[in-house]
Each structure stands twice: as C-alpha cells, then as structure tokens.
C-alpha cells in the first residue's frame, strides 16, 4: 500500500470499522421514517420560551441545569435581538493581558486587554508580549483605511447590455448615495467599484460605517440601492442579487490586500537586543531568521499572508468584546515582519489589511461584552478606531511572544506546562 | 481628487481630524514616562487570584461586578488549565437549531444543535435549513480523511547537506513513530512528508489524534522527534524549529485541499422542487444560478474555496461545544455545490477539507461546553467523527438557507427584521 | 514504504542511481578548477559578432549551421535592440486559425489568426472553435479597462515617518505626472495607489501606455518619479527600489482581478444547440456540467481563475505577433463561463483581467512578427485594443473547442491522432 | 469623479471615443451577413498546402513573402506533426548566456545556454548572473522529485455511491498500472490520489514520464484507464471526464507546492561579498533586504511564490529548446531566497516546485530547437533531469542579476540603455 493511495486505504478501513461498504452506505440513505417535529423558530428571548423549548425537545435535563440555571434564566431577556430559539447561556473564562502601552492615533494609554478563550497558554503568551512592548515604551498603532463593501450582482442578456448598464450606473453614484442615506445615518457610501465578467456585472459599493462593524448596515443600504436600480435602470437585469460573494464577507481572501474590509491597521515597535534577551530569551537575528523561514513556510502552504497566529489573539479579543467571532475567518490575515536594524535592534511590525470591529451594535451591548469594552474605556461611539489599534497592538505582542518561543526552542515546553494541570 | 488617491486622501483627513501630521506623528512615538506595572502572569485560577488582579489593576468596578459576580467567582476554579490571569467569565446566548436528521457513518439520528452567537438571524437561518433537510429525510454525511500535521524545519549549510539529512530521515520513520508514541497514547504518527527549499528542510509529520482536536498532542510529539533528530542525525542542522508555518495552523490555506488539517468531511442531500419551494420560496434552478454567480464572485475576490458563509455556523457550533474558535480561521473553508438533477431536484452538498474538532480535551470538559456536547450525545471518547459529521450537516443547512434567501431576494429583509428589536 | 515517504524514497533511489549519497553530494560542491572564460556580453547584433561568438565558445558546428545559416546571418542585424550575445535564429512553425468573426468595439471583421507553436493539435483545436463562432455570426469582444503599474517601494525608520511621507506624496500626483511626461509621450500616469506595511510604503503608479505593451515605459517613468521623490521628499527614505514586486510583473496574481495589468478584456457568444451539436458533437447542458466540475477542480487545485487552457492560444498568438511571451505567466488567467440559457442555447464567455499586448515596440517590428500583425491588419499605432479583443475571441474559441472535446469524450483521441505522424 | 468610479468613467469615455453607447453596442451584435468561408483544417504540412492556404485566404502577399520565403517553404515538411494549417515559419533571435558552471546531480559542467527572446536586456541580465555564478565555482542543482498527473473525474448519483467507487478503485491500482503500460513504455503510473467532493470523485494519477515532458503520454494513459474503469466498475458513473482541471495543467496553482508537476528542482550558491560587489555593485545585506521587501510585495499582490522574474529566463530557454512555452503559465513559479550567512557571504537559492521539461518529443526534434539542445549536449534520452537542473541554474543567475540591479538602483538604467538603439 505505497503512496497516498495506501494512506487513504488505511483510513477507509479505519472508518468502515469492519463493516462492509454496502452496510455503511445503507446508513447514509435518506430516512423518512419517524421524522421528528421541528419546532417553529422563535425570535422572542424569554425564560418561558426557553423553558418551553427544553420541555418540547425532551433534551437532557442535566444540560438544562447547566445552560439555563437560575441566573441565566433571569438575564436571558437581555439577549433579545442577538439570538433566536434561545435555550440558555454559554460561559467562557476571561483572562487579562497587559497593560499594553499603545501610542496610537486613536488609542493612547495603557490597556488591560480582556481575552476570552479556553486554550491553555494563550493569555500567558500574549501577556508576555505585552510586557515586552510596554517595557519598550509601547507600540505605535494606526488605522490606515476604513471601508466595508456590499457587492450586488446583476445578470444581463449580453455583455453589451451589461456595458450600457454600467455606463448608466456610473453616472448615478450621487443617487445611490442619497438612497443609502435613507437607510442609515452612520454609514456613508464613499465609492463604487465595477467588475464585469461577460454579461455579469458586480457593483462593489464601499461604505464607511461609523463605529459599528456594519455588515447589516451595508446589507440594508445595498438592498435599497438594488431596489432603486431595478426601478430606474434603462436596461433591466435578467436577475440580480444583493450580495454576490465578491465582497469577501466571512472568508479569507487576497482581495483584502488590494482593498479593505473593515479597518486596515498597523502596529510597530523597536526593541533593543537587551529587552529581547530579557523577555524572550533569544536575539533579534534569531527572530529575523525564524521570520524568514516561516514566511516561506507560509507561502509553500498556500496561506494568504505572512504571520504566526493572528487568529488566536483576535478571536479571544473579539469574543471578549462582543465582536462577530465568525469574522475571524476574514480578519485573521495579514503580514508580520521582523528585522534587525543597522543598530542591532529588532524592528517588529504587524499589518492587518481588514479587521471587522465595532464599539456599538452587534454584541457590544451585552452584559459581559460591554463590561469588557468599558474596562478598556472603549465602549460606545467614537471608539472603534481605538479598538482596532488595540487589536493590532495585541497581535504584535502575540507575534513577538510566539516567534520568540519558537526561536528559543521553548514553544512545546510552554504548551506542555500550561495545559498539564487542567481539571 | 480622482482615483484611489482621492479616497485615500479623504481617509487621511478624516483620521487626522484637523490636527497636523506632525502632531499626530508625535503621539505615535515610544513613551517611557510613567510606565505601568505589568503583573507577573499567573496560571492559577482561583477566586482569590482573580480578585487580587482586579484590585491591583484598579480597573472599573462596574465591570468587575458583571464579569466576576458571585456565581462566576464560585465556578472559576473549574477553568484551571484553560486560562491564565483569570478575571471572570464571559457569557453568550445559546440558540437551538434543528433537530437535523443526519444519516452519517458515525452520526446517526436527529440532532438538536446548540449554537453560541450574538448575531441576529444566525440561529434562525440555520434552523430554517435544518427544517428543510429533516423534511427530506435528512442529509448524509461522512468523514473522508483524518490527519493533523506538525511541520518542524531544519536549516543546513548547503542543499547537499540537506539532501543527506533527508535520506537519513526517511529511513527513520519507524524510530520517529516510537518516539512519538512515548509522548501520547492517543496520537499516531502515520506519515512524513518532505519539503526541501534550498538548504531548508521541512518535515511534515502527519498524525491521527483520536477524539481530541490534537494541536498540543502533535506539538509535544513533534518536539520529541526534533530532540531525537538533533541527537541522532549524522548531519547536524545549523538551526531548527518545532514548527515552521508549513502546517497551516490557524490560517486559511490552499494546502488544506491537497492534504487535510483535522477532519475532511462532506454532507449532501437531494431536495425536491416542492420542498425547496415550501421552505425557501425559490426553485432549484434559481439556486443553481446563484451558486454559479457566487462561485465566480468568490474566485474574483481571491477566496480559497466556493461557499457562502461556513464561518457563521461553524463558529457558533465551535463556541457552544468548547472547540478552539480560533481554528475558524483555518476550518471555515471548502466547497458548496448546488445543481439541478435530470429529474429537476436540487442536489446540494458541502465539503470541508479540514475542520478541527474534538470531543475530549481543550474546552470540551468545561461546564456549559460539556453540557452542549451532552445535549447532542457527543461528549467524550469515540464521538469526534460524529461531531465532524454534524458540523458538515449544519453547514449544508446554512448554505441552503442563505443561498435560498439570496435567490429569493429575502436576504436583507431577514436581517433587518431580526436585528430590529434588540434591546 | 507506505505514504508519501515511500514515494519520496523511491524517487531518491532513482536519482541516486546506485551511487552513495556522499558521492552524489560531492558532485554538488563548488568547483573552482579550470574555470571557463566567460565572454563579455555584447549588445551589438551583427554577423561578425555572432560568428566570433561561435568561434570563441568552440560550440558544436552542426548546431551553428542550423542556427546561423546564410539567411539567418544576413538578417541578424534586424534584431539589434531585441537581443544580446546573438548567435542566430530560432524558427517555429506558424498555423492559421479562423477566419474568426469578431464584433468588437475596436476589432471588427473576420480575422485569420496566426499561431506559432510546436504542439500538435493546438492550431486544429482553436481553428475548430473559430469555425463554430464564425458560423454563429461571430463573438462580441471589448476591452474593459487599461492600466499598467510600476510599484516603487520606500523604507522609512518608522511607520509615523512613512505616514508623513504618504501625506506628502498624495499631494504630489500632479508633479509626478509632469515628471512621468518628461520620459514618455505615449504613457500617462493616471492614478497612484498607496500600500503601507509597517514602515514600508509601496506607491503603485498606474499608467496607460498607448499602443505599446509598456513595461519599459513605466519602468523609466517610475525611475524618474523615484528620483524626484528622493530629491524633494521632506522625509528621506532609508532606502528605496523602483520596483517592489507589488506590480505583479511576470507573475500570476489575484491582484489582477481587483486591478488590471495591461488590458482587461472580455468576449462572449450565444450558440444554438444545433451549432454546438454540429461542431462539437455535444450539448449545451453537457458543456455547462463540465464547466461546473472543472470550476471546482480548479478551485481544489488552488488555481487563480476558472478556465481551461488560456495559456495555449495566448502563447501561440503572443509568439506569432512579437509580444513578450514571458507575460503568459501573468496574462493567462481569467474566467471562462458556460451556461445554458432559458431558450436552451449555450451562453459562452471568457474574461481576462489583464493581458499584456502591444502593436508597437517590443518584438512587434521584427520581420515575421510584423508580417503576422499585418496579416491581421493590426500592426502599428491605434491597434492595441483591437489585438486584445482578438486575443479574447481566440481564447473563447479555444475554450469552446477543448471543453467540447472533454464533454464529448474526444479529448485524448484528438491528441493521439494529431501527434502520431510526427517526423 | 472621485474614486475608482472616476477612473472607470474616464476609461469608458476613452473607449467610446465620442460615440454613443448604443452605437458602440450595436457593433457588438452577432452579424450573420457575408459569413466568410472557413477552410477545413489540415494536419498535412507541405509547401503545397501552405501555398494553397495563402491563395484561398487572400491574405497580404507581403506577409507571405516574409513568413513563407523559399527556405521556409523548403523546410516546412519537417514540422509535420507539430502544427496544423501551416502557413510558414516564425523567427526569433537567439542569444547566449554563460558559460554557467553547474554542479548538479545530472548536469555537470560549463553550459552555454541559448535563449530565444525579443526582449532587450534579457540575455544580458542572465549572462551577468552566469558570470557571477561561474566565477564562484558554479551553482549546485538537483531534481528533487518527478511526477506528472492526469486527473479524470467521475460523477455519481450520490456520495455513498462515490464512496463505493473509491473503495473499489483503490484496490485496482495494479490493474490501472497494467492498463497504462499498454499505452506507453516510457511512462509509469506511480500513485493515485483520491479527492472526493460530494458525489464527485477526482482520481489523480501520478506518472513518471521518462525524458519526455509527457502531457500527451498521460492523457492517453489516462483515457485507457478511464475506459477500463467504465467497463469494470461495479458502480457506474453518471458521467466522467479524462481531465477535470484538478491536475493544474497550463495554470499556475498552489497545488504545485504540495505535489509536483513535472520536475521539482533547486539550485543554490554561496557568494562572497567581494564577488557580489565586483559583479553586481552591491552587498549581500542589500540583496537580503530587497529580497525581504519583495517577498512581502509579492504576498500583498497575491502571487503564488516568492521570486523576481522566473518567467523571463524560463520562457527564453523553453523557446530555444522546443519545450511547450505555454507551460510557462504553470512552471514559472517558486521561491527565491537570499540571505547573509554568519560569515557575511550571500547564500542564494531558487526552488521551482514543478517545471515541465523534456529532451525527447514535443518540439525538441525540430531543427533549431534540436540544435540548441545539442549545443548544450542535452538532446535525447537520459537528459531531461540535466535540462531541469540547467533551468534552475539559469533562473538563479537571473534572480541574482535582477535583484542585484534593483538593490543597486541600476534596474531602469539597464533597460533604457539596451532597448534604446532598436532599429
């Protein structure tokens, strides 16, 4: 059983577990016998509804006690508008990294950063990086660009029709802006890209979204613009969709590097060899060398940027602060760069081409999430750019810590130790 | 201010907010004045430590009351080994989708699927898809392959040295398997890939990891193999690292399609035009047409697969069941395919090349997470493949629902309605 | 020898061919013994120089007779400025595809398209597609956008310095345009993109280049702008480069889809089931189905677009018409889309996000290349957009033919037959 | 006209050239008037056929004199089997780079490398790099792996059917090998990968192809295997295709990095600071710094590897030696790496994951192409690996030269000078 075929065969035998392919295949057929009732969904979030759902479904009562204990039942209504078919609450531990000193355009000061995670060593690692950065007088950070797109698509009979439509649409940006403005006071339509593929036209509407993350805002504005287009276009589309998958929504894409989804943000710091030695037990050159090798490792594996583990810190901060954690799929990409300066210091920087963050809307007003934002002084209007800068600073801290550990050969040890005494 | 330059200029003016570039740049310089104390981190998770941390940091006491209320303070020690610098608990609402009938190799039955999210409309949308699938007798699902890699890297003086090392290492797979076995009884080293780039050698160790997600397992085994190599190799590497960024850890990569990270899994269903009409208010052909356009939209935006929003359901299920949510960055990719059959039905399928899931270890033993797994009968040993099949089934439900909504023109409406009455 | 390791081992044994690793490795060491003379290069292209080079190098005289026969020696000086160290001429056969009727914005008429290739079946396949398109009244084609970028990069001490530089540079676009205008009367600087990554700044200058392909034009203009910047910038870069690899020059990149390199062009046609049957022996639905499967096949293999074999026809036309064939690396990407219309016809389209073509400069004035352009009426000023439209039409023909063959199961047969009677 | 919309509008006005959209759109409609005769294609390559084609088409007689002069007409029959609808010959100038000393596993010695190109400065730049490498005692080079795939695809009713098929197919590798062996004595089926996506199954057959490039070989073998499968499979596919676009044929793909298309090859050299200064007028550290910046530039633009301009040299060598130049689209990708060693030397390496080369078959037997191969001693059986090593060595030379020029600030100057005195 040489080659990849051999491995696949071994896997199949493992999966079949002694049963014949036919027996296993039979298990996979649709089965219309004894179909269960599927309850009509409910957007109402109350204790009574939740309890009714537990009753109807007949699910495990032990689970119910854990997920819908007295306190949970009481505060459940606070989640109205953030969940449907509510049955209780999930809890995750919060750990604190920092304080991290950030010298940003919007964020300025020493930030205690709350992280929600269940992964051992994660908070410890980011905390270590924060220590180092703060000892160096902090990192600088800045939002480089803001934009969120919604990309409706229109199908025409032929490409010439599509062309005529494009010419018309390009003259209507001001109209589209007016239409968008009727749906939101926070969002602003700032540009419109046009992508034509045969008789398909994608209009890529770019918005600023104030301090909200803004996905719903641009969806609703996009729909209003589509309605206007359908009503007014001299060339009628055969069909159209409010979103065509061109916007990059909830997906890692290289488009992020040429445009922006959310906020493009960067952070940097200059660290003396002495500080690197003290905090990371390695040298600037060793870290530059690891960076170089890992850059190529990433390219060889077909990843979209060059970085270590943006997803770890970003997810934990998103969860703590009520961001849409599914956006990690699109936001956790970018470039880390470490290099030795002429003076022998370590220059370290991270750039994220598009992170989705907000300090109003979404989950930011829920009890623990709001508390986490308030703990940093970042809840509410006027704070979204500062939160983006904190994200960048945190990820810089994390990259320093993990690449330090890998350079020094301590990576496995840290994980072994911190996960060991789990209950 | 034409062109992209014009937009960038507008953004800069927005960011500067009337201040001069020099004033703003000055804010960004390192600042060594009044450096804050950074507490030594602590892996001990107790009420006392948490309270001490709140005291020392002098953070907002309102936040403390929310994050570390009486109940939280009491159960905090249960999170020992999953967090450091613990300060309290984060809470998210749980909603129920389903029951979803799954006819899988490992999963078999009607699953009530708990989803943790703060995004309006998410549970409702997945629930709608589950309804449809269950009405059709369920979806089939199967794990196609399992493997998790750790990819140490070794630097040599020259490529010929690297070659000699490779020839030696290839003969030692059995030794490496023995070494790996000393560190874990659940994980098994099953293959070793070799990637050479000049004088760099990447050894890609592939493991099965039992019912655990397994990242720590393969890190520790990988370190042991590295130690063995350094001790025994006839050609000494100039330097080496236990992980080289080739494994794809926590990053979307195209490598996932030619290898696997975690579990490769697929789900499919055949749906009559009648059911599509009843549940989604559209037709199989309309959904095929949207699929086609969105496939191209995705390609044009540089995404790695073809799908709608895997990240949404996957994140919510990961969070509910104690998976490492940061893995969404690598797991939420794959292929959705909708087509009309010769009989006029809708054939719908999703394939995920590598999702990271476990039913033991990580966050799976924490109170609410364990309860969510138990509610599905999927906690503990022997359940990981079934959980992977549930993931695939859920995502198939979600793709049907969202693409149905986009095809029918209902997408924006649903979001507007469900987010409207948030508190 | 299971798994990938087993295959690699087999390969190594094949390569070593019975020799020991040490013996083989020894062959690879630098060898300073008997270093050959390396002649100083020469840009002068004359018969005498060529003959002198043959003498000095002592290379095989049989080869000389073939590469520098009497006719070649005589016309060699015509290649002055297109080659260095000239030793003779290479010859490739030319075949004719078409006439292909093109209804383009710039190209209009029936084009006999010369293709230079040594691959059996290539011309025959494209010819077959042209036949079909012409029988349908031709394909439409149009250039959607034009732009060529040169992307200098500037390194600063810190990100704040980089920011100050950007703010200055954005105000200087008009100056940059003036500077660029001193170097070229054909090229025009139309926009400037800015990409910042930590303390690195990439300025992406976009030009139109008239009827030339334009790489040298934008390099020279880019250098002049860099010189201006270094002299005038209030913040001095630590170092800078006229090209930073961000422009996508000579490399396939997803950036092509969000910007354009050269000319973005599309072609389309509507083909009755009858014509599809007559010319391709298959049906519109069969071709749509193949398209769908191959779209996913491409995505799974990590390609950048969705198409069959753009590179084949594009290379052959580039070679025949004096284009830079190395640009195939960047130009041969894009989207092919086939679908069945409501009426049962086949809608077929190709879109190429960026092809590099010119009708002046480069190799377009050389004897056979110029003759090929003239044969289509496309030599000289004012013809570049028409040539781009011919490219798109040709590639549409090729995609129809190959996908037709694959759908009908005739693909292998055609290759077997046409390569069979090679001499 | 701010933003991208503004640029697009300007472009549209340029394209319309004063005409109304409707007038221009009308030009694009299918036109069935006066359809031209499309000659039946012909695979026969004779002077008579060519002349007849010129007569029938009524094309420009000046072009004919250039493309089918007396010598061309005479040697035309030699191209039988490499072209259809032959009308004459295309000529390109050949320049010589080197001699380049290569210390390879298969290539060993000083190679004068013929390059066919029409781009000024190309040969001069590669020649400069060869000079440097040879002065250093040459570069080492080795083929790391060989494999060429053909990836048929099979569609089934359902995924369980697909599974049963896979289980059957995996047991039949030996049968498939026997079937393949009936079609070729040079090619060998060495492994079979399996990719399942819903009810779609891709079988990825990997072959070694002897000294031929091998695309036709694997197509014909693949077809034979498909025929065997259709006849013998216990589960009949609904439809199937001999190639599914998964093989990466003629397209850049990231798959190349995890598998191989053709030959995976690497070359490296160690160069003293003194040699770098003498030949490139720069320093190892300056080149390392440029490399680092350009690596990120490439990543930001969404390219698939990290390199400067592999396409240039590879295309020129492919053209000179009768390779399929369209393969540049897939072959011109990989990794260049420059770094400063602890001793202050420059370590330079290139790795190409898959280049398509052969020394028999295709265009390798044509007059000038064969002469070019013979000039290097690389024509015929047993030479393909050596040719691959020469490719790698040449590209290393080219990367050194171009990155040297960019680091030293000489890039634009060289292009301006060498293209200046074109006729």
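Going in written order, the chains are labelled A, B, C and D, and every chain counts its residues from 1.
Convention: a contact is a pair of C-beta atoms (placed from the backbone, for glycine too) under 8 Å apart; a residue touches a chain by one contact, two chains touch by 3 or more.
Being a predicted model, the structure only gives us computed values, none of them experimental.
Counted by C-beta pairs in contact, the busier of C-D and A-D is C-D.
Counting the residue numbers used at the interface between chain A and chain C, over half appear in both copies, so the two copies meet with largely the same residues.
Measuring from the averaged C-alpha position of chain C to that of chain D gives a distance of 11 Å.
Rounded to whole angstrom units, the spacing between the C-alpha centres of chain A and chain C is 37. Mean C-alpha position of chain A lies 38 Å from that of chain D.
Within chain B, the positions touching two or more other chains are listed as 2-4, 7-8, 10, 24, 28-29, 140, 142, 158-160, 163, 190-191, 195, 197, 200, 254-255, 257-258, 270, 295-296, 300-302, 304-305, 335, 337.
Here chain B touches chain C in the complex through residues 2-5, 8-9, 12, 21-22, 24-25, 28-29, 158-161, 163-164, 166-167, 170, 173, 190-194, 206, 254, 257-258, 292, 295-296, 299-302, 304-306, 335, 337, 339, going by the rule given at the top. Those residues of chain D whose C-beta lies close enough to touch chain B in the complex are 1-4, 6-7, 10, 140, 142, 144, 158-160, 163, 195-200, 254-255, 257-259, 266, 268, 270, 302, 335, 337, 347, 349-351.
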